[in-house]
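In what follows, chain A forms one complex with chain B and a second complex with chain C.
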Partner chain A sequence: MSTIHSRPDEFIATEHKPGVWERSRRARTAILYLLPSIILFSVFVFYPMFRTIYLSFFLTDQAGDAAVFVGLDNYKYLLDSPAFLNSAKATLLFVLYTVPAGILLSLFLALLANEKLRGIGFFRTIYSSTMGVSVAASSVVWLFMFHPSIGMFNRFLALFDFPQIQWLLDPQWALVSVAISTIWMNTGFSFLILLGGLQNIDEHLYESARIDGAGYFYRLRRITLPMLSPTLFFIITISLINAFQTFGQIDILTKGGPAQSTNLIVYSIYREAFVNYQFGTASAQAVFLFLCILVATILQFRFGERRVHYQ
Partner chain B sequence: MTMSVPKKITFYTMLTVSAVILFFPIVYAFMISFMTGPEILQGKFFPESFHLDNYIRVFDRLPLLNYLLNSFIVSAGVMLGQLVVCSLAAYAFVFIPFRGSNFVFFLFISTMMIPWEATMIPNFFIIQNLNWLNTYQGLTLPFFALAFGTFLLRQHFKTIPKELHEASQVAGLGPFRFFLKVVLPVSKTSLVTLGAYGFLTTWNMYLWPLLVTTNNSVRTVQIGLKQLQSQEVATDWGVVMAGVIVVIIPTLLLLFLGQKQLQKGLTQGALK
Partner chain C sequence: MKKVELIGISKSYDRQKDVISNIDVRIEPGEFFVLVGPSGCGKSTMLRMIAGLEEITGGTLKIGEQTANRLPPSRRDLSMVFQNYALYPHLSVEDNITFGLDVKKVPKAERKKRAQDTAEMLGLTDYMKRKPRELSGGQRQRVALARAIVSEAPICLMDEPLSNLDAKLRGHMRSEIRRIQRQLGITMIYVTHDQVEAMTMGDRIMILHEGKIQQIGSPIEIYNHPANPFVATFIGSPPMNLAQAEADPGTSSVILPGGEPIRLPEGAFEGIGKGPVTVGIRPEFLMPAQGTSEHPVFRAEVTNVEVLGHETVFSFLAGTEEWTAKWNGQWQIQPGDRIPIALDEESICLFDAKSGTLMKKPAARQLSVPAEGAAT
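Take a look at the complex of A and B:
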């Protein structure tokens, strides 16, 4: 490669010094390539985000246009509203239920599937399969499995003479049930990412450790997990954001019920806007969602990065 | 590395048990899709026979073929749109160094911090004001620009030797010709990864199609499943599960074929 290298360098060196129009040419060409993205982001991301913030200070009419300026009243109303506080609490609980358990499960599967064994490709395919099953399809399947009388879970409990659980119909259990199904839905993606991270780890590190006679768990603690930390850091952030954005499984499994126990924030925004036509308060909730995700991302970067070991 | 036999047995046992538990819901749905009402009530796991009655009935109840076609058009549309828009942007970031590129890059990153759900209300009205409800462009266009996709391709474009770029300039190849004739062909693997990712996520999209389709004309399969489930819930789980199987087969196939590729590509885009 070094033989090719020298010639273009000479070529650039002999070039004449360009003028302003000539110098801005590169920027103009670049903008041409970036224009589709910039226009689309402006129309479908930045403008709507500002519009959401703007609408959150207004009462709106049926067409979603700002009607009466109310300042921070929408926010005050939300912070006083038991329904919204309950929804915020449910969302936080849901994040706590799904993120750590989901990541531990996917990590466990990725560690298993990273062993060099015959037929491991088959297991990798199975473990990643839930990524190919849509939220709507998996929700329908889990709805059946949670069915109080003919569902598989209660039949299983009956087999061992355990008391029956009303899963999705019991306010105590509904959120946990949705969380279990969500963990299953997310496993495929997290598994694929973590397996990719594991396979990027340099083989030589393990070889020298094995010569020293280090056991499986010692290697896991001292080599695998530290080297995997950037990937773990990434998947934790993504899972956290995904959990805040949960919608499909709620719409199909519980519709926010029973007794509002699974009324997660995005479902609450959807209902407030497109069922109750309260676009002002719905926008204020959307701003809360935005802030939650922003804070989560920033916290992750602040505290996550320090503990992360980059190669 | 060779493993001792007991260790191998332990690993295979754990692998198998995990696979059975994880894959159970899919197999179960598959089994139920062949069962009649009474069979389901009895709580059997294996159907008496693998007849296709439920599958015929699900195509009767819903315009499922239409929905499948719609989902295919929408997913392929978003996939192609993302490939074009993201590869153009990634090309500019890598091969055209210009003042202000850091700022534009920051704009791209900031879109990743804005959850799509926080902007859905104004987005819905944009589509409504454009008269794009129940249209393919309303379902696809908002998703063409994708920061993640741009970064994924940028990562791969960066590995293209600068010498190649310089040599092509010497040969008098313009930037667009270089993009088309050199950059895209050597980045085939990343393009395939992003394409598969885009197709998969669009096929599985739920909230946006729910908002912008009000009749059956461009409705996607995921919304079809919701309709099916709310129509049938008390009576015919066999038909519902037949619908589920029909809907997940295309994406499962795509995943089985492209799992290795997808995993490599996604980790590349995610890190570094």
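Take a look at the complex of A and C:
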């Protein structure tokens, strides 16, 4: 006993100053747990992202390696380039055409399919089925439907003696046509998410409102939409990001034409990089798109989240 | 204030099996009517039919003088409190309370005033700006209550409104709901599975079992004269003790399965023949044998003892059945003891062994205190 108390100075010294190794113990444990996702993210997200940003400051050779450092010249070039500005404008229009219309349509279908009727399961399956069709397959189907002479739409117009429309060949119509097919493709997913959100709302709220005498639209406005707001917020964010990144249907339906009218940014990046081998300006476009989506999402969180009611 | 009348009401969800059959009852204006029964017996279904949330598949429902079978819920002049309260989670307490008034386009000033008055009545004034999730269970319950009261509907329906509260709060809210109902004079139809709530709150109780009425009456009437063994065991805690026995009018006694005969007073067997009967006796009429010579005494082995402070509840073997007795005071009894137990033979009831109908009522046991100063 007394031996311990006889040398208090040594005792304090060892207890007082744990080394860096000791102190970082918890951090090291945490990193160990995070390691698998850090590795995955590094390989598939962080490395490509930083490589893109890096490349956007260079002119590249045929193999896509950085050749000449040009600073911000790629960005300057882009902002002066009518082709890129046209792409940006087309992308913006495309987002405006597809996101609000697509969400309203899915919401409408989800509200219909949320009614308790016999055989409603059939409609729920049908409405969500577009989720199970790949972009490529459905684009091919739409390609046929838009066909000027044998396509369904023009046949239909002919029935009523309306003038024919060159859906995918007319620069006035091409973007709208692609938007229509995109809305159709996205409806399944949005519908399913919104229907799930609707089914999560406690049935008793509606019963209580019915006893109070609230009509359908009153209930929709004061119960359904506020209670659905987190789901709506989620689906708006996802749809927005998806619309900015549209590629597959453009490639199959129009290849960016006619007259560049459907040359959305992601398609333009692809063309710049893999057709023109301009990896520098392609990377600069990618960074630009990244910033646009980032800003749009931040704005949405800023202004949208206030109106969202979380449970 | 309005009456509610059910005439031959039945309900079937699948068009084959009735979950509610042939309910005939008249709920008087201003009455506190309790619907009680075990879980799944159809209480909620019945209440929801009255509210108009569930279709009535047979019979006639009258609210006031009007046939209401096909009236939409909003035109039945009633309010309803749900078991899970059904508060709007995205609205403040005040908006929750005024929701129904807003629907009915009540002017804003009046809306505000009525919400304030109701909130005051229920002690909610400090919470008007809060969201439901920021309230305790008891406060949420009050908001649900406030929402029903503020509508000033003459009829109020409640579906197990207290079952999510802890025991102490439940006791408190019981008297509060009763007080408000008296104060406003509304007709209350109150559903519960808790017989204590039924006994303490109801002017009249209706006991439901598997969709059928077992008995309707005042709490004391039902406690004293249960119509059948189901009611006898459902109402009262611990439940009434039952045993299959043999009636022998010749010797004016019933013979318990153990072979033990109990002599009943003269005239007890009026209209009862020799044969099997169900004997029932409430736990409080199985008394300590000390000092009582007028009651028959038998000895039994104690199987379980609970001392509750003011009373002692223990079970013992009566022939083949396990019975419980409730004695006042703290008794030093151990499981395994054989103790003498006196049986108040006048308090025995006899049920028909097959149909279960009450054949012999127990003697009346009501006490009264002469009121002081009242008689002048």
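In this section, the second predicted complex is superposed on the first by the 277 of 311 C-alpha atoms of A that agree within 3 Å, B and C clash if a C-alpha of one lies under 4 Å from a C-alpha of the other, contacts with A are read in each partner's own complex, and residues count from 1 in each chain.
Criterion: a contact is a pair of C-beta atoms (placed from the backbone, for glycine too) under 8 Å apart; a residue touches a chain by one contact, two chains touch by 3 or more.
Just so it is clear, the structure is predicted and the values come from calculations on it, not from any experiment.
Participant: Based on the superposition on chain A, does the combination of chain B and chain C result in a clash or a fit?
Facilitator: Because the two structures are overlaid on the shared chain, the partners are seen to fit without clashing.
Participant: For A:27, select first, second, both or neither according to whether it touches chain B, chain C, the two together, or no partner.
Facilitator: first
Participant: Look at A:259 in the shared chain and tell me whether it touches chain B only, chain C only, both, or neither; answer first, second, both or neither.
Facilitator: neither
Participant: Comparing chain B against chain C, which has contacts with more of the residues in chain A?
Facilitator: If we count touched residues of chain A for both partners, the winner is B.
Participant: Considering only touches as defined above, state whether A:85 meets chain B (first), chain C (second), both or neither.
Facilitator: Once the two structures are laid over each other on A, A:85 reaches no partner at all.
Participant: Output check: A:136 vs chain B and chain C. Expected answer is one of first, second, both, neither. What do you get?
Facilitator: first
Participant: Check whether A:104 is in contact with chain B, with chain C, with both or with neither, and answer first, second, both or neither.
Facilitator: A:104 contacts neither chain B nor chain C.
Participant: Does chain B (first) or chain C (second) touch A:44, or do both, or does neither?
Facilitator: In the superposition, A:44 contacts chain B only.
Participant: Rounded to the nearest Å, state the minimum C-alpha distance from chain B to chain C in the superposed three-chain model.
Facilitator: So the smallest C-alpha to C-alpha spacing between these two chains is 6 Å.
Participant: Hey, what residues of chain A end up touching chain B and chain C alike?
Facilitator: Shared contact residues on chain A: 210.
Participant: Where on chain B is chain A touching in the complex?
Facilitator: Chain B residues touching chain A: 1, 3, 8, 11-12, 14-15, 18-19, 22-23, 25-26, 28-29, 32, 40-41, 43, 84-86, 88-89, 91-92, 96-101, 104, 107-108, 111, 113-126, 141-142, 144-145, 150, 161, 163, 166-167, 169-170, 175, 179, 200, 203-204, 206-207, 210-211, 222-223, 225-226, 228-229, 233, 237, 240-241, 243-244, 247-248, 251-252, 254-256, 259, 262-264, 266-268, 270-271.
Participant: Under the definition above, what is the set of chain C residues touching chain A in their complex?
Facilitator: Going through chain C, the ones touching chain A are 51-53, 72-75, 78-80, 82, 84, 86, 88-90, 99-100, 103-104, 133, 147, 151.
Participant: Quick one: which bits of chain A touch chain C in the complex? Just the residue numbers, please.
Facilitator: 202, 204-205, 207-214, 218, 222-223, 226-227, 229, 309, 311
Participant: Per the contact definition, I'd like the list of chain A residues that touch chain B in the complex.
Facilitator: For chain A paired with chain B, touching residues are 1, 4-5, 7-8, 11-12, 26-27, 29-31, 33-34, 36-38, 40-41, 43-49, 51-52, 55, 63-64, 108-109, 112-113, 115-117, 120, 123-138, 140-145, 150, 152, 155, 184, 187-188, 192-193, 195-197, 199-200, 210, 230-231, 234, 241, 244-245, 247-248, 251-252, 266, 269-270, 273-274, 279, 282-283, 286-287, 289-290, 293-294, 297.
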